[in-house]
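By written order: A, B, C and D. Residues from 1 in each chain.
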Amino acid sequence: MYAYILRRLLMLIPVLFGVSVVIFFTLRIIPGDVAATILGTDATPEALAQLRKDFGLDLPIYEQYLQWMGGVMTGDFGESMRTGKEILPDISSRFAITFELTMLSAFISWIIAIPLGIIAGIKRNSKTDFGVRVVSLLGVSIPNFALATVLILVLALFFSYSPPVGYVGFFEDPITNLQILFLPALVLGTSMAGAVTRMTRSSILEILRLDFIRTIRAKGAKERVVIFQHALRNAMIPILTIIGMQIGVLLGGTVIIEQIFSLPGLGQLVLTGINQRDFTVVQGSVLFIAFVFVMINLIVDILYSYLDPRITYK
Amino acid sequence: MIKKGFKLTFIFALLASVLIACSGNKETSGDGKDTGGDNKQVEQVLKIANDQEPAGLDPHKTPAHSSVRIYSQVYSGLVRFDEKMEVVGDLATDWEQPDDKTYIFNLREGVKFHNGREMTAEDVKYSFERIKAEETASHIASYFANVESIEVLGDYQVKFNLGTPDATFLTNLTNSSAAVVAKEVVEENGDLQQVAVGTGPFKFKEWVPDNKVVLEKNEDYYEEGLPKLDEVVYYTMKDEAARMSAIRTGEVDLTTVNPKSASLLKKEKNIDVKDYQSLEYSYVGFNVEKEPLNNQKVRQALSLATNRKAIADVVWNGDAVVSGPVAPSMGDWAIDVTKHELYSNDIEKAKKLLDEAGYPDGFDITITTASTYPDMVDTAQILQQQWKEIGVNAEIKQIEWGEYIDTWLYTSADVLVGRNGSGTDPDRALQYFFHSKGSANVWGFSDAEYDKLVESGETMLDKGKRKEIYNEAQEKLIDQSPNLFLVSPMKYVAVRDSVQGFTPYPHNGEYILEVSKK
Amino acid sequence: MAKNLTAILKGRGTLNTVLDIKNLSIEVNTKKSKYNVVEGVNLSIGKKMKYGIVGESGSGKSLTSLAIMNLLPDVLKVSKGSITLNTEKSKELTKLSKREMQKIRGNEISMIFQEPMTALDPLYTIEHQLLEVLKFHTNYSKKEMRELGLDMLNKVGISRGKEIFKSYPHQLSGGMRQRVIIAMALICQPKLLIADEPTTALDVTIQAQILDLMNDLSETHDTSILMITHDLGVILETCERVAVLYAGQVMEETTVEQLFTNPSHPYTQGLLKSIRSLGDHKNTLYSIPGNVPTPAQYENMGCRFSSRCPHAMEICKSKEPSMYTVEKDHTSKCWLHEEEGVAYG
Amino acid sequence: MKEFFQRLVSDKVGLIGFIGILLVIIVAVLAPVIAPYSPDRMFTEHTLEGPSSQFLFGTDELGRDIFSRTVYGAQVSLQVGLIAVGIGATAGLIFGLISGYFQGKVDQVIMRVMDVFFAFPDILLALTIVAVLGPSLTNTMIAIGIVFTPVFTRLVRSAVMSVKENEYLTSAVAIGVQPVKIITRHITPNIMAPFIVQITLALSGAILTEAALSFLGLGVQPPDPSWGVMLNASRTYMEFAPWTILFPVSAIVLTILCFNLLGDSLRDLLDPKLKQ
């Protein structure tokens, strides 16, 4: 097992290296630089040149890359060109927010999706099944920024409710924190729920046809035991795969929701980074997200072996 | 497994109800505050929702409005504008002008930086030298290019020696970026982007990126009884819908909104919507070095084809005035452009001009604009429609802000839609943007006569004559049309009725010094 | 004739039977089609009796067993007839509620399925799956359950019980799994054990072991066995009585001895002929010509075997024969026996 | 194929999806006939007017007819979906076939590159690509196409690998059939089922991604009326003029719903494990 994990970790190196190369050089192709965006309409050529020099943008591009990579290897992600602040602490504090949002969204989607998927699976081709499928797909079909805006408006207009302003960390004030994150997580959870419902339904369908389910029934198990202890647990592997992929996608895909709900997450950091051509921030964040993404894949794979005794890694 | 699942669902449902219950409580306690506020001291905390995150806090380096609105509360300058846009003392109590090229400022005594040290003439000297230093790369360096030296005459007296007489000097000093900073803070931190230690009414407390900036009351502020607020919190809320919702429910006290939102908020009984005519105007910039826009007649034709009134009506809900190169809110300095021939929206004449210029069938062109600002995108779309009438087929390219700035800087677009702040002195609007050596003249516009005109305007100290010079410059500029000047919009600030004493000014839309909460 | 009938009924008397199936029909019911896949099946399984149902795949033998367990797939349902279980009290299984039926499954009637490889939940240990049955039906303490479980494993010939407890199904061989499944089926000491092709998927050597095991255990536990198989050999080895199923109907019903010595129905004769030809290593294997009709064809085809029957007569194609008594304890559903026998059912 | 359609028709969910998509396609094709006005025509006297007989769905902030824009929007959004998915699916098919068929080093290289792209979050990748190429309809489609490539590649590759295990292929290889023929004759038809399902689902994904890019101002350029663009522009006026968001949002939701319904149903139909 450990050997397997180690091998998987080693395999991450080329992928992360690839990500670093792609993001570094892509950013340099995008027109515009940080100096110009800082100085805006008040830029003078001298000021621009000065700023570029400060940021090391006057060096040959491969040298810039080596410098950056050299830093990253030693755990130094560099400093933001925009603020001059060290990047890594910023990334990790923002990651915490995005991660919490992601997990909360995932959690909400499970609460919605797994029961629905089970019901649809048990009652295949019934009206209930039909209804569940349509409703769950409806969630996926609404662009989440539209859903978010409608939700904000409706809550404010008809319920005089808006989430508290100003993000507060979970450990500072858990209740306020959850109030702030609830709506965005609900929006993201709704859009995630469709795929999970679908996967749950088809896995349950598939499992319920298997012989061992008949054995369990023949043993006199209550339907509840059949579904939840046996069918659901067996269906969890494909469901987990979907969930793992979604968590990965969400980590980088919360940009829009973070912006709408004013959450200082990683997505916003990257987006502002791109808009301001704050290369170091974008490079660092994307590399970090890619790292977390591949780690989540690894964790999901490892979880498989806990869920399913047949899967062992050597 | 199942039991766990149910438990979680249960806990979750519980949690959701608690959350809603909690927020409910808060609502009611808030109401209580409103009604029974007399016997209880109201928390003097002003919550402001901003649409943009501050880019940085260094007043000398950061021109972004999102930054200015914050650091202008932390720093003071030598002088400032009063509500009538007259220059009055701030850190300087008064000043004298031994000759046209010399200013001596007498400083207020006993003013302390937020770190407790007293502010002296040395700090003034240091600050302006920092602005002028090349490595600072300050965006207002050019404002003070004319300053040859600064002399400390005493702890509370400082002298500025100018190279030429400069009519804009005092106005330039009112700029929030012309702030007096403390040397030791700069040296300690490298720059002032993340810290702010000034002499202004509010002290910088913390900045949580993409979340909020907190300022607290400067107890030692030199004006008696001010500021009235204990704390100001600027929340970054980029989404208009979120800001609307927050001001409606009282989560924030003050926010800027667009005209349509303003008209909705006007109906709310707990919210006042204040408006003011901004110093900004929208424009269409031409690359005057490239065909066909190098032809003055083409530019004039486009000006004639442009219905500015329609832009004001559609993009700004009617709350914008047609503008020339100097925004109408600059009062006397602005000429009345509405009667100008090129503002007459005469399609026939436009077609004739195009014909004369050799484009009887029009031409194809790309209008570039920033996706960040819906008003610019809408303006571009209207122009596209209006120009179609004279056979000019435009395609729209909207780009995000980083690329937009780059495009602007290197004039890599033929036609650029944007918005300019015309500043507080016509010199900025006319020289800075259109002198052939003006820092912001990216259009390739060059006219020797015009250059001479605005140069003389800068040194002309007689206000009447100066006005004449600038009137002529404006006429000339419109005639040449290196840019089409479109409209100057109203700005809207929505305020909860618990906020007292808030009045926005064109030169200071978020003047909160005298604000208090009830 | 009437006398004969009473005698037969007495022999099959309800008093001494564990399970009585009367006139059982199972129908497929979808929006598109509706037809019987099993029709008019009558069976009586006596106490401690080992009863066999033999038939080709598609003959409805497995469906009959699933109907007893009330585990028919959604599209199928019992449309006619009754299934009565006689334990302490007589229970009409087709009329029981879900809950009541759950109490019977695994407790009073157990079932062993064909595929030991897939009949166990891959995610749970043997211990969990074995003791689960006790959990469903008894109130034993955990310790007692473990003891019972280990004891039961011992009885099915697994000596390393504690080790096996911790194993997962995929770690066991097919034979081991089938033993575990038998242990699961017998742990609550059911009155009836239904074994649906319990040995088909196993190696020949193991097959015999498993069959012996079932025989022994049914005797020590006083359990009746309903053996469902396509293999007459298995029937011969384990059963006392047998019903031959073809196309959803019982064609012949008698003791095993009589079936082998005096097969009456042409279908049974064909079956026997084909296995004998297999045993004799003659040059050509005998197989019954033609194909089994599909359920959709059942209607109006007279005798369902008529299309393949070497003795088919005119009447066979137009009219369905009844069950005729051929001799004592021996009935056959064939027009050939109309003269000699007594019709019933 | 005929049997397949019969089954599709028998599944109500899939049928609804199929008919819905057909309707959208018809609307898109007949847009010039159906729409009463040009989608860019501005009635500046009629900005943000509610639905009326003149403007069936009302007008937007620039006085354009929302009905006409929604109808033309079908054209733009479908185009984005089809071409983007076309790019992703074709690239994925090629890479996946090569990778799965030849395996070895080629496979290693292709899959590592796909891993790299896979490790980028979708939106960020699309955003970066559009930022590099410059925003335009074409570039939006290219960006979304690139984003989808790894998914298709993986899908095709694993399908090819499993088909390759089959005996008939081993024998085809043994009798010396050319690789290209094996791919086109034997492998391609066998991977069609999962491929078609993925395409249906990717189509809805593409339309949503375009909408998300439009939210960030990087999607289709104005005045072209993609539903994403309309949706984003109308967010500001949602309260002031709810019809500006109602109609494009309904269009986008219903279309994507139909794609998803069809995909969902196809998945059920084509999944051998779920056959009845």
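Brief remarks on what is shown
Quick note on the criterion: contacts are C-beta pairs under 8 Å (C-beta built on N, C-alpha and C of every residue); 3 or more make two chains touch, one makes a residue touch a chain.
The UniProt protein names, listed by chain, are A, D = ABC transporter permease.
Just so it is clear, the model here is predicted, and its values are computed rather than measured.
Remark: among chain pairs A-B and A-D, A-B carries the greater number of C-beta contacts. Of all chains shown, the one whose average CA position lies nearest the global CA mean is A. When you average the Cα atoms of each chain and compare centres, the chain farthest from subunit D (ABC transporter permease) turns out to be C. Averaged Cα coordinates give subunit C a centre that lies 53 Å from the centre of subunit D (ABC transporter permease).
Computed from the mean C-alpha positions, the centre of subunit B lies at a distance of 89 Å from the centre of subunit C. Distance between chain centres (mean CA atoms), subunit A (ABC transporter permease) to subunit B: 36 Å.
The distance from the centre of subunit A (ABC transporter permease) to the centre of subunit D (ABC transporter permease), with each centre set as the mean of the Cα atoms, comes to 22 Å.
In subunit A (ABC transporter permease), 30-31, 149, 153, 157, 233, 274 are the positions where the chain touches two or more neighbouring chains simultaneously. Residue positions of subunit C in touch with at least two other chains are not found.
In subunit B, the positions touching at least two other chains are 241, 244, 372, 400, 403. Of all possible chain pairs, the ones that touch are A-B, A-C, A-D, B-D. Across the interface of their complex, subunit B is touched by residues 40-42, 44, 47-48, 61-63, 131, 134-136, 216-218, 221-223, 233, 235-240 of subunit D (ABC transporter permease). In the complex of the two chains, the subunit A (ABC transporter permease) residues touching subunit D (ABC transporter permease) come out as 14-16, 18-19, 22-23, 26-27, 29-31, 130, 133-134, 137-138, 140-143, 145-146, 149-150, 153, 157, 194, 198, 202, 205-206, 248-249, 251-253, 255-256, 270-271, 274, 286, 289-290, 293-294. Every residue of subunit C that touches subunit A (ABC transporter permease) in the complex is listed here, in rising order: 69, 71, 98-99, 102-107, 110-111, 113, 115, 118-124, 132-133, 136-137, 168, 170, 181, 184.
Taken in their complex, subunit D (ABC transporter permease) has these residues touching subunit A (ABC transporter permease): 12-13, 112-113, 115-117, 119-124, 127-129, 131-132, 134, 204, 208, 211-212, 215-216, 228, 231-232, 235, 238-239, 245, 249, 252-254, 256-257, 260-261, 264, 267-268, 271, 273-274. Chain contact summary for the complex, subunit A (ABC transporter permease) toward subunit C: residues 210-212, 214-223, 225, 230, 233-234, 307-310.
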